[in-house]
Structure formats: structure tokens, C-alpha cells
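One structure, pasted below without further comment.
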Amino acid sequence: MSDKKTNFKPVSGAVLPRYAGIATFMRLPHLAPDDADGVDIGITGVPWDGGTTNRAGARHGPRQMRDMSTLTRNYHHVSGISPYELANCADLGDSPVNPIQIEDTLDRVETHFRTIHEKGILPLTAGGDHLITLPIMRAIADKARPLGMVHFDAHTDTWDRYFGESKYTHGTPFRRAIEEGILDPKRVIQIGIRGGLYTADDKEWGLAQGIRVVEIEEYFDLGPDKVAALAREVVGGGPTYISFDVDGMDPVYAPGTGTPEIGGYSTHEAQRMIRGLRGLDLVGADVVEVSPPFDASGATALAGVTIMWEILCLMAEKVAERKRG
Amino acid sequence: MSDKKTNFKPVSGAVLPRYAGIATFMRLPHLAPDDADGVDIGITGVPWDGGTTNRAGARHGPRQMRDMSTLTRNYHHVSGISPYELANCADLGDSPVNPIQIEDTLDRVETHFRTIHEKGILPLTAGGDHLITLPIMRAIADKARPLGMVHFDAHTDTWDRYFGESKYTHGTPFRRAIEEGILDPKRVIQIGIRGGLYTADDKEWGLAQGIRVVEIEEYFDLGPDKVAALAREVVGGGPTYISFDVDGMDPVYAPGTGTPEIGGYSTHEAQRMIRGLRGLDLVGADVVEVSPPFDASGATALAGVTIMWEILCLMAEKVAERKRG
Amino acid sequence: MSDKKTNFKPVSGAVLPRYAGIATFMRLPHLAPDDADGVDIGITGVPWDGGTTNRAGARHGPRQMRDMSTLTRNYHHVSGISPYELANCADLGDSPVNPIQIEDTLDRVETHFRTIHEKGILPLTAGGDHLITLPIMRAIADKARPLGMVHFDAHTDTWDRYFGESKYTHGTPFRRAIEEGILDPKRVIQIGIRGGLYTADDKEWGLAQGIRVVEIEEYFDLGPDKVAALAREVVGGGPTYISFDVDGMDPVYAPGTGTPEIGGYSTHEAQRMIRGLRGLDLVGADVVEVSPPFDASGATALAGVTIMWEILCLMAEKVAERKRG
Amino acid sequence: MSDKKTNFKPVSGAVLPRYAGIATFMRLPHLAPDDADGVDIGITGVPWDGGTTNRAGARHGPRQMRDMSTLTRNYHHVSGISPYELANCADLGDSPVNPIQIEDTLDRVETHFRTIHEKGILPLTAGGDHLITLPIMRAIADKARPLGMVHFDAHTDTWDRYFGESKYTHGTPFRRAIEEGILDPKRVIQIGIRGGLYTADDKEWGLAQGIRVVEIEEYFDLGPDKVAALAREVVGGGPTYISFDVDGMDPVYAPGTGTPEIGGYSTHEAQRMIRGLRGLDLVGADVVEVSPPFDASGATALAGVTIMWEILCLMAEKVAERKRG
Amino acid sequence: MSDKKTNFKPVSGAVLPRYAGIATFMRLPHLAPDDADGVDIGITGVPWDGGTTNRAGARHGPRQMRDMSTLTRNYHHVSGISPYELANCADLGDSPVNPIQIEDTLDRVETHFRTIHEKGILPLTAGGDHLITLPIMRAIADKARPLGMVHFDAHTDTWDRYFGESKYTHGTPFRRAIEEGILDPKRVIQIGIRGGLYTADDKEWGLAQGIRVVEIEEYFDLGPDKVAALAREVVGGGPTYISFDVDGMDPVYAPGTGTPEIGGYSTHEAQRMIRGLRGLDLVGADVVEVSPPFDASGATALAGVTIMWEILCLMAEKVAERKRG
Amino acid sequence: MSDKKTNFKPVSGAVLPRYAGIATFMRLPHLAPDDADGVDIGITGVPWDGGTTNRAGARHGPRQMRDMSTLTRNYHHVSGISPYELANCADLGDSPVNPIQIEDTLDRVETHFRTIHEKGILPLTAGGDHLITLPIMRAIADKARPLGMVHFDAHTDTWDRYFGESKYTHGTPFRRAIEEGILDPKRVIQIGIRGGLYTADDKEWGLAQGIRVVEIEEYFDLGPDKVAALAREVVGGGPTYISFDVDGMDPVYAPGTGTPEIGGYSTHEAQRMIRGLRGLDLVGADVVEVSPPFDASGATALAGVTIMWEILCLMAEKVAERKRG
């Protein structure tokens, strides 16, 4: 393969049917991060759910999402964006993880994304449970300009501890990221929050930091277009991360997840909100908590990976804009 | 266990993860009705589907609903109600039933609920098919002040007979209850009615009694908030029962049911309607027709039991109000 | 059975429970097309998916749709139509097909529908993949008065070729029908189009022919009632065909299909649009792409066959009107 | 259809693929019992599970077994029997039942089989729960020559009462049949009995009547060939019924059943035993307790209906022998 | 409940159907370990899979096994043992665990079993992944008389480390137990070992310690009766533990497990081996690696819990023997 | 990747857990056939089921088999073979196919395998339906020395035509191969044949050619070891192909297949037979008819791919032997 030039495009469906072939993200070429020179956007998986306090299974998310991703195509029918024309895209494989040790995994994941980040590649990630966003942020954030975040979720994930001791679970990443100064709470919006809580206090910490919480009831009152506008307002022009937990959507759209909460938004509404974020200064994004053992049909993975495709279009447009300078 | 005082609260998720432990409703302590002194709200199952003329399986509803109920928490994120702070709650086990004899079962269920009612406990029930509401009503209704009802369903359940002879099926409970004088048709509202009928006459009897039928088309025109307001108006200040058949919701939210009808409301809309019923003089409630063999995933049970949680909040608030006097 | 007169009505649920008995469409009598004298509306299956370029399985659609169809009843609760009172209906069995040869199958299916058409029977068809609509149209269309079509789908199905050579796939029927002069593109409306495309060109051909394409975004802006009105306007008073691909609906309503695209309309909205088409000069209709291997639960088949029931009501009313002259 | 002569043979797979078409048993013509003149062997369903004390669902057995039966063919590869050459076979539809009343159902089923029996048709039946064998025996047995039975099952089904009162459940048919004098316990063999019992007494009654019980441990010691020989010895030359409860097989072969007991025989062994019964004076047979809600895959129905095919071969050979006189 | 005496017996199926009621192990009364005075055999769950390096899910094992356990009865049809007549049995609930920390969990589990052991209760445990056997052994083993073990499994679970660092995974418990001096390798037999290995060395350590490894090929050559005899010989008269990993059985009997290996023994053969262990000096037992997310049907849990019932009979007999002195 | 030397070995489970990473066969490196210099054994998929006359789905086989293949390891616990030490192995991706045209596909597949064959690579293939074996044989057979074959299957696949016309279906490959002179019928053994036939004639053609047919009954009489010996005898020392249709196994081991026939051999027995073929002059092999839509659990794919692993060990040993000269 020595002297061939990599073609950073999906395998054509006219060469091999879309259901066929080795499943890489979007049918893109597979490159190890170390070999990823020339890549603008790197899609990668973090096959890990060791931070899950309830029903595990998100460790299997990246593989099923790769499988379903081969159903996607090349041209966005609404925005008209053809991402693979605008940016070099590749599947950078899965991050190393340790299924039975949290701290070790946090280090391995951070290292994986640091490699990617240092090559100037925008990371688009398939989880894994939500704790994985923490080491990704550690790898790509600049403390001088902490990240803003558009966060789609049923839960705030700003809890403090679990079982008395544990600082790191899939319910704590954003508390930790704010404490570490890599996430700016005033530039964070959380969309779709709902479900019973342990106590009224569970809401307090995040609000006190200045996070803009859009509970699902407010969401339904405003609708996706106004919420997207609000999100743009909250994160402003600074470096911004999109973190999309599939449980923000209603469980009928995303049954394969560990902590379902009835009464969320639809896939169409989620698409509409993502499209409304066009133009943000994106520095990374993830779609997390797809748990295949709870949805053998792959519907959740298809929903998740189609959201990744929506985000990919935004990223590619931004890449092209940056290239144009 | 002799001298320990029962703590009428869910097992804490910080002691045992929510997916773990023996599954009681909401992780509450289990008491037999005879031992249920001090209980304000008793959650109980009726594991029976002998009145089902089509696809059976609701006999397995209570167990799967107990399983999924352990995902619920303690504080309602919209109303701010903490039901376990306001009322003593317990799982009173399942009612005795006879899987192969209807009349015998009607007696056994009525006796079970009479015991509960006579201890001053509000019953919140997981079915079972819809016929179970009849013996519950027989146990708790006062003919001097017949019950009103907010009835969520795709079907009116006011048919007369089946196969020529049978008075008691899951399609007849409310005809029987009205005939017996324990349900006041003028204080009954039915929400979500739809689907093909055998003849135009199927609609007539209920309307002639004065039931307020909100077919799904009217529902979609009005929306959940106005329908909830209408329900409050119909039932007024008298003793009221909520009967929630999960097939009132669209089958995507409740696939595990015996007689699905496409085109219903969503879980979020159902939640919104229940929340709109705050303040009613509730004397009991049930969620019925969850049929696990038709939904191994448990999604229907999760939806059903989250509706139970919403109703529990209303009940607990009413208990606290009554205690305050 | 020599001298008995066929009763063109469903077996009564009071004689045999609806879940029981041999599964024919709507529990109607089964007649071979050659014996179908006196039939006004013939329901028939095309158990074939040889035109499927992605995930196959629609060959199993008719059987599962027959199974679920026995849940339907006799009287339409909104329109008040009792189709079996207005028209003689029967299940005409499945069309002959050749699972491994496309052209041979196109011939066999066309012959089957020609027999039906020549007896003056309106065909209501359960697919099968979408290519089957082409031979149906060939059998029933009059080139002097080409067909109009209300087309529900996520895809336009007006692609040209596949793998360089193949003219006939489930992505090409309407390009072929227009080329053959049996479908009038100016009287075609496509509702729910969405999803990624290979290139921007994929959209062009149909629009250039004059097809009115309602992409899902426009659909959501207009809502089902206005879209139905628009459809009536587009097809006008000429002979019209309804082709309903279940993937026009959101995958949560129709998971059992080969090429799901997230973000579609609901079953209720689909019902509402069909009801809005009352009065069209219907000459045939189909519901296609139900793929049972991808939905063992039968939910997709139930949705599909309930849409068939909605269309059957329109057809029966039209039959009665024609009979009245 | 007036003057056509019915062809009592399966629809050819060369005309319509085996997965296609309306599903009748073995793709045979469908005739109502009243119209079944000329039929030698009538295959019929009893879609009822009202006698089930545990997990219901066998009411759906006949339909799924019809579906899977279309995979069978015409020639037995071991015995060389071509049943459709030897006997006129037809699908006689489902017996009337009342899903919510046992006694009424017992009457309806007996009447159905009496009609069949009086036309000289051998009944081959798909259940339904095991209680259905009782009314079948009532319809076909001659008290002067009570039936012998080869009974495949994990349970003896000779319990007495249930919940104190109920004489008729799927655990009691053979106690009742023996009491009624239509089944001769000395000519009964039960094969595969196993699983925990309530008390040691559960075994006693049957043994005291003279039933030959082959517990699964003895079965594995003897092997299928010797057990078949033993069965022939026990039932001798008198009129004999085969009742095959699919739970006699190991649950891996028959997961879709209401009361699975681990550790049974395989389908191959069951086939071998049935083949070993060649030559018995068969007067009827059934395969019961296939419960589709517990096996959506249809594997249990396929196993059950292949056993029906094996029995059909024996019956057809016997019919031919009787015809030859 | 103050002055009632606990009845250490299953709820009768004649009072509440076996599918109904709150699911405790074998329908036994639920007692916290601290309240378990008078109990001879305590059944308990360890809902934890944090040691799983491949597909997780065994954390959900105990709950599904409780559910399926309610299908068991009271009298063993082969041995004639009625365990509940011989020993006081109870469900002692689930052990505390920490889903995200291994060492903390090892401590919590050991404490739970120490409480049980110190009350003189024999523990019968439902896992959980196989690492849980280590803290159970720590709690009940006497280093002066280390444990023997009959170990059913496809894997030896005597690996050393994982990912370089981790001493504790579900592949290492018996290496650790031997190192800690609580398990005597010369009194250990492993039955059913098979499947690819990383290197030939994987086999060496255990053999060098003196473990008697019966690979599946040897198993099939010897058959279950001889293997059981061999096991009795290996463990002799000393204190012995039975550890039953369901993946020792063929995956068709136990699909719901994390590391399936094709080609194992059947449930019947497993039953036969357990029955062949009658008379051992049992001090505890477990059935592990039932992973419900990989078998929603519950078949694996039913197999697992029926094995628990088989072991329970052995334990109860031993308890009775000890009581008799 | 220019100057790196490919390591033809699986990714280590100590670097990335076995459930993680892009799924290639056995976690081997992926190379296009054109780049496959140095490869000894090439594993490749043929994602096509266009020859399927019954239930399709085998087109999805290669992808699911890749997924499950990552559970295999490196060392064979019985034979002691470490295939990756003996031969350079790689995943050569999927063959081009045309899902809707048979002849075109036959050409594309033949070309794919011709490329592989001409590089001296032994092909090990995952189907696809059984017709794919024909173009593979066309690519690798030498008419001067036609192939022998050990054929595991429930069906002989030597039918002639289908629907009158079609020469090429998954029921005809070996009739065609024999006619074409590339398969020597006298060196063919078929193991596990069973199930109903259309007529007695179906058996004749193959027997007349001299094929050694081992029907399942003979198989059970002989056992796997003797059948393997018989197979070695039949194929002798000439070039030999192994074709393993998973439906030769009992459907409990391989439910995910299009034409299941109850009563086959087990996975263990299949493994045993394959191991008994050690030393044959293997020139290629395939495992076909894994149909994931009929087995979402992946159990069939796991069985199929473990059989591939068994065959791979034989091939690698043969490669090493040839290398040694």
C-alpha cells in the first residue's frame, strides 16, 4: 500500500452494496491515529462503559454504530453540504480502553485524543458511556479558552460522587470538567433534562454555576428552532463542543440506552436542532450511550449515527471555512 | 423483624444500585395487606388476564412493572413533589387471582382491595387486563357517592356481551360499573378513543349515559393541557378514579399490549395530562394492559410504571392535604 | 361449496376470535382471481423483494400483514364508513412471482393484476418491495389517461440505474413508469422525502419532470391537513393511485423496512393524510416495503395494514358512488 | 368455485414460493368441516389457552404453525411415504372457542370434532393448550373401546384440581378422560416426564391407574428406538391417539411453550420415536402447547409442525391401508 | 409482623399462581442477613459484573434468575428430596456492590457472606460474573482446611493478569484463591474446558498446581456419570464448593452469557452430574455468568436457576444429615 | 502506512478488548486482494443471497460473522495448532456482488476469487447463500484435477431448475459444478441430508453420479468420528474443498438460516468432524447460509465463524506443510 494515496471518501455504494464490506464509520478508510496525516475530521470510537452505574452495554456502541453508519450517504438533502468534498475524513479506529479500571481508561482515552488533536484533526466520537467526554475534553481543551458545550441529554451529568467515593462515573463528567477549568459553565446549555431526581438539590449545583438548563417541558414550549437559537446565544463564538447523549431523545427513538427516561424529543427534532447550530466554532463532538444489548435491532445506533452524520456536515463546513482562512 | 419500625421509603440507590435487589414497586418495602398498618398508599398488582378476548399476557404485567419501577427516583422534577416525604408507601404484593375462572377472580380481587380500603389505604394498581378495574371499584366505591373517572384508553370498554353470553370481559368493565351504580357516567371522561368498531352502535351506549368521549382526533385538536382541564371539569370535586390503559398511548410507546391501535398520544403527552389532574379527589388509580410477552424489552412496562409514578405524586400530595386536614 | 353464495364480508369476531382462524386479509373470503366474479375490491399480496438493493425481507410482508390484518374491524370511527356494506371485498391470494428473476416476475405480477383489472376489480395490494408498483401500473393504467399518484415515501424512487446496468430496482419504478407514459409526473406528489443522497443530482430528474416533492421539512411546516389538500390539488380529478411506502413514516412506527430513514411522520399523521384524500378517483393502491425479518413484533405490519384499511374505506366509498352511477 | 373438483394437495412450490401465499396447514386447500366431503385427514387448529394456569399464549399456536408448515414438503425422506398420494388431506380451519369460558369451549371444540369424526375424517390437531385433547377425545372415542395413547410430555397432566375448584385445566385432561372411561390407562404411555413436583403424591394417581410412565431418566437410558418399541407394546392393536406436548422436548428445541422444563429429548429423537410408531391403529393426534409469544422466531412452531408432518405420514399410510381394506 | 413466625417455605402455587407475586428466589420469604436467624440455606444474589473483560450484563443475573425461579416446585422427581422439608430456606437479598470499583466490591461482597457464614447459613449464590466467587470463598473458607471445588465452566479462570495490571477479573478468581491458600488445587476439578486460547501456556499453570482439568473432549468420552464419579474422587471428603458457570453448558442452553464457547454439555447432562455429587461436604455453591441482556427470553436464567434447585436439594440433604448429627 | 511491514496476525486482546475495534475476520489486518502479497490464507465474504428461493438474509452473513469472529483466539486447545504462527492470514474484504442480478454476480465473484487464487492464496469464505460456492469453484478448480468436496448440509443442493427456467439458485450449485467438470461426484460426500422432499426423484440424480450421501439417520448411527473417516476415504488425496452450510447443524445451533430442517448434528459434532479431516489436501473452504435477520443474537454467526476457525487451523497446517515442502 506504500505509494498509494489515501482517498478520504466513503466506498461507493455502486461498487459494494451499502450493507456489505467491512464496517468502518461511514465506509471511510481506516487509519491508525499515528498514520492519519492529512485527515481533517477523524471519527473514532470509545468502546467503554466502565463508568456506568446502572445498565451497562455502551461498550458495544461503536461497533454497532459503524455497522449502521454504512446506511448513510454523501450529500445532505437540506443544507446541501457534501462533507466529503469539503474535508478529508477517516475512521481512526477505537481508542484503547481498560474495561475494568476507570483511571487507567481515562488516561488511555486522553492519550488517544491528544494524538488526534495534535495532528490538527477534529474528533467526532461514538461512545461509550458519558464519562468518556471528560478525557476527550482534557485532550482538546485549552484552559485559557475553556470549552462551551451544547449538551443534549435527559440528565445533567453534574452529580458529584457515587457510592460515597467515586468521583468518576457517567453521571459526573461535567462537574469534573467545570472543576478542572476546561469547561465554562456559562457557555453550557443542557437540552431535554427530565426524569425523577433523588432530591431537589440535584438541580442546584449546575444552575449555581450558570449552566442554562432547558428542561423538557421548556423544550416543548419553545420548540427545536428557538432552542437551537438559544443554544447559539449561550455558547457564542468561542470554541464549542457538542455532546449528544441519545437518552435525550424519547426512548422510542433510542431504546438501546442504559438509563431511559420517557418523554423526550424525536430524532427529527434533534436533527433540526443540530442543523440550527450551523456556524459554531466546533472543536469536537460525540454521540454517547448507545447500548446495543438493549436494542438488538440497531435502531438506536442508526439514530445515533445519523446524528453523527448531521454533526459531520457542520464540522466539514467549518473545516472548509478554516481552510479558506 | 419484631420490633423494627418499617421505613416506608425506597431502598436508596446509594446502598444498592437501582438495577439490583428484589424488585418491589419503587423499591418500597413489601407488606401483606393484613400487616399494612400505617400505610397511606398501597401499590399492588393484579396478575390476571382472564378477561382478555384477544391477545393475552397482561397477567405478567405486575412483575415486569415492578422490575422497571426500580429505575424511578424520589423527587418529581416538574411539580417538586417528593411523594415518599408526604405519604407512607408500600408494596402490598399481588392480589390473589384464579387464572382460569372469572367470577372467582372477581371475588378474590374485590376482597383484596376491600382489605386495603378498610385500612384507609389508597390503592394504586398495576394490571392485569382492564376487567380488574371492576372489582377494585366494587371494593372502594360508595354507592351513595359513585365514582367519577378519568379514563385513558383507545377503547371505551363499555361493550355489553361477548360470544353471546359473557358479561365480564376486559371490554365490559365500565358498562357493568355503571349498571351497578358505582360509577357515575356523567363524571366520566374517556381520552384517546379510536380504531375500527364492529358497528356504529358501539359508540352509542356510552354517549347515551352521558360519558364525555374525547376521540383521538379531538384530542389532537385540543392538546393535552386543554384535555386535562376538560377532565377536571367533567369529574369535578367528587371522588375520582384514574384508569390508565396503556393502549391509549401510541403503540410505539406501548407495544406490549393486547389490542394495539395505531395513532395515539405520546408518553410525554400522557405525563402532561396526569400532571394537569393535580388536586382531584383521588380515591384510587390503576395502569392496566401491560403485556410483557409482547414487549420483552420492558419499554411498555417502563412507560406504564412511570405513569404510576406520576399518579403516585398526585396521590401523595392529596394524602398530605388530607392529613393536614 | 358448489351452490353457496360467497359472503364478501369478514368472519365475525363473535364466531371466531380475531386472533384465530386462517389469516386472510381482513378475515375476508379467499378467492382465486379467476373465481373472483362479483368482487369490487380485491386485496392481494406480492411476496417479492428481488428489486431490493439493500436489506431484503419484504417478500414476507403479505403474510405478516394478513396476520395482523385480522385485528381490524368493520366500521371507520371517524368517517363512519362501513366498507364491507358498500363493496364486495375479497382476498385474492398472492401474485405469482419468481424470487430470483426480475423480468420474469414483472411479467407474472402484471398478468395477475391484469386478470383482476379486467374483471373490474379495484386492486389493493400489500408488497413486496416498491418495484412491484411498476407491473401493477402497467396492468391497470390507460396510456390515454396516465395515472396520477399520491406517493408516501422517504425516497423518490426515481433513480435511473443501479450497478451500471440494472433498470429495475426498488429505487427506479417511477422513473420507468413515467418513461413508459403510464404515470403523469405533473399529477404526482411525493410526501416525506428525506435522508442523505449520493449527490445533489439525485433530486433533479423528478423535479424536472414536474413532480411535486414535499420533503419532510416542508411536510412538518405544513402539517398533514394542508399536505392532503395539496395532494388533492396535484392529482386533480383524473385516475389516481396511492402508493404508500412504510418508510415514509418514522422508523419508530415502521422499523421493519429495508431502508429506514430517521425523522418521518407518525401513523396518526399518515392516517390523517389518507382521510384527507376522500373522494379521489382511485384506481388502485398499495402499501409496500414491510419487511418482517426486521420487525418480528409485527408492529410495522400492523401499521401498514391499518393504512390499507384506511385506503379500503376510501375505495369502498368510491365503489358505492360508482355503483350509484 | 361451483363445479371445480378440489385437489387435496399442497400448492406447489414451483407455482408459488413456499414462503408465499395464504398460510394453510401444509399449503392444503381450506374447507369448512361441513364441506369436507371426501377428506381423509383433516388438519385443524384449536386456538385456545383458557386452561393454562401459568404462562398463556398457546391460543396463537395454530396460526404460527400454519405459517411455518408451509416449509414442509411432500415426500418423507426416510419412510418414503408420500402422504398426499395416499390420502385426501385438507385444512379444516380452526375450531370455534370461547377465550374466556372453559365449559363453553369444551362444548364448542367437541362439536367441531364430532362433525369431523362423523364424516370419517381422521383429525390431526394443532393446539392450543393441553386441555383441548379432552373434548377431542370425547368426540372421537368409543367408550366400548376406550382409547390408548402415546403421550409425549414433560408433565403427566393427570392432576386433579386447581385452586380447589377447577376440574378443567391443561394439567388435568387425562385424569378426566380416564374418569370418563374414554381413555384406557393401561394402554397409556407417557414419555419424557420430569421436573419438580409439588409433592411425591403427584406421581401416584397415574401409576395406580396403570399408566406406563417413562421419566426422562429412563428415556435416556433406553434411547428412542426402545422407547418406541415399548410404546407399541403398551398401546397394542387398539384404537390409539398420539398427543404430543412440545414441552416434552428440551426447551432449546421448543422455547415457545408455557411451562418449560429443562432436560428433554431432541427433535431428532422425537422424530425417531414417531417413526417407530408406524402401523398403530391411529384415530387422531395432536401437537399442543406451542406458544408463539414466547418464541417470536417460530422455531417451536416449526418443530411442532414438522412433528405433525411425521404423524401425518403415519396417518396417511393407515388411511391407505384401510382403503385397501 | 412482630410476633409471626417466619415460614421458611415457598409461597404455594395454589394461593398465588407461580408466575405471580414479588419474585424472590424459589418464592421463599425475603430476610436481610442480619434478620436471618434460623435459616439453614440462604439464597442470595451478587448483582455485579465489574470484572468482566468482554461482554457485560451478568449484573442483571440475580433479578432474572429470581423471576424464572418461581417456576420451580418443591419435590425432586428423581432423588425424592423435598428440600424445604429438610432445611429452612430463605432469600437473603442481594449483596451490596459497587458497580464501578472492583476492590470496594470485593470487600462489600466478602462482608455480606461473612455475615451469612457466621450465622451458620449455607450460601447458595446467583451471580454476577465469576470474580464474585473469590470474595465468597474468602468469607467462608478456613485456611486450615482449604476448599475443594467442583467447577463447571468452559474456561479455567486461572489466568494471571489482564491489561498488564489488573489482578482481579472474571478470568482470575481461582488463581487468586489458590495463591491465597483458601482453595486447594489438588481438590479442584474443572469440567467442560474448551475454546481457543491465547497461547499454549494458558493451560500450564493450573495443571502444574494439580488441578484435574476435564476438557470437553474428555467429558464427551467419559459421559456425565463417570465425570461425576471422578469429581467425587478428586474432592474427597473435605469441605467443597460447587461453582457453576453457565458457559460450561453449550450456548444453545445458555445463550445469555458473556463469553460463549460452542460445543458444551446439555442441561440434562449438567443435572445428571450435579445429582452425581450427592453426599459431598458442601459448604457453598454458586451459579454465575447469567447475562440477561444477551437472552431476553430468560431461558439461560431458567437453566441456571434449575441448576440452583438441583444444588439446593444436595445442600438440604446435607443440612438434614448434619442436624441429625 | 508506506514502509510498515504488515503483521498478519490478529490484534491482541491485551491491546484492545476483543469486543472492540473495527470488526475484521479474526481481527486480522484488512487488505484488498490486489495488495495481498505475502498472504497465505485469505478470509473473505460474499455478501449475497440472490440465489435464495425461500427466506433471504444471507447477504448480511459476512458482516455479522466478522463481528462474532473477534471472540476467537489464537491457539487450538485440542490440536495444539496456532494458525497465525504457521501461515500469513488476512481479511481480504468482501467480494463485489450485484444484489439483483445472478449472472453478473457469478462473474464478479469468480473474478474476485481468481485474483486471490492467482496469488497463491487459499480462500476461506463466509457466505452468502450456497450458490456462491459455484463461482468460487470456477475460480480455483483445475478441470484436469476436478475438486473433491466434503459437504455439510441438510440439503443436497443438486436440484436442476427452479420455476422452470432458472439454472442458478442456492439449490443447484453442485449439479452445475459437476456438469461443468470442476467437481468430481465420486469424490463428494454429503453429510446430514434430511427433510421432506418434493418427490422421491430428488434423491436420484446425485446418487446416480456417485455422490456418497450420508443422511442424518446414517450419521447418527455412525457418529462423527466414523463419518469423518468415511469422508477422508471418499475424497482421498486429491484437491479438496470443504463446504459447510450451517443448516446441516440442528436449527437450535443455527437458527439464523433460510431453510431450517429440524434434527441435525450439534456444533460439537461438527467440530469433531472437521478435526477429523486433518491432513486433507485443502484448496478452499466456505461456511454459508448464515442469515442474521433470522438470528439477531449472533449465535448462528458465532457457530459459523468458529467452524471457520476450525477449518483455518487445518488450512494453516497444510500451508506450513507445503512451505516445508
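Chains: A, B, C, D, E and F, in written order; residue numbering restarts at 1 for each.
One rule holds for everything that comes next: a contact is a pair of C-beta atoms (placed from the backbone, for glycine too) under 8 Å apart; a residue touches a chain by one contact, two chains touch by 3 or more.
This is a predicted model, so every value here is computed, not measured.
The equivalent interface to A-B, defined as the listed pair sharing over half of its contact pairs by residue number with it, is B-C out of C-F, A-E or B-C.
The most distant chain from chain B is F, comparing centres defined as mean Cα coordinates.
Centre-to-centre separation between chain A and chain F, using Cα means, comes to 40 Å.
As a whole-number value, the distance joining the C-alpha centres of chain B and chain F reads 56 Å. Touching two or more other chains at once are residues 17, 19, 53-55, 59-60, 99, 162-163, 252, 294, 297 of chain D. Across the assembly, chains come into contact as A-B, A-C, A-E, A-F, B-C, B-D, B-E, C-D, C-F, D-E, D-F, E-F. Chain A contributes residues 13-14, 17-19, 71-78, 80, 82, 252-253, 266-268, 271, 297, 299, 302-303, 306, 309 to its touches with chain C in the complex. For chain D in complex with chain C, the touching residues are 1-3, 15-17, 19-24, 30-31, 35, 45, 47, 59-60, 62-63, 66-67, 91, 93-94, 96-97, 99, 296-297.
Partner chain C is touched in their complex by these residues of chain B: 53-55, 162-164, 193-200, 202-203, 215-217, 220, 250-252, 255, 259-260, 262-264, 294-295. Contacts from chain D toward chain B in the complex involve residues 49-57, 59-60, 98-102, 104, 162-163, 165-166, 168-169, 293-294.
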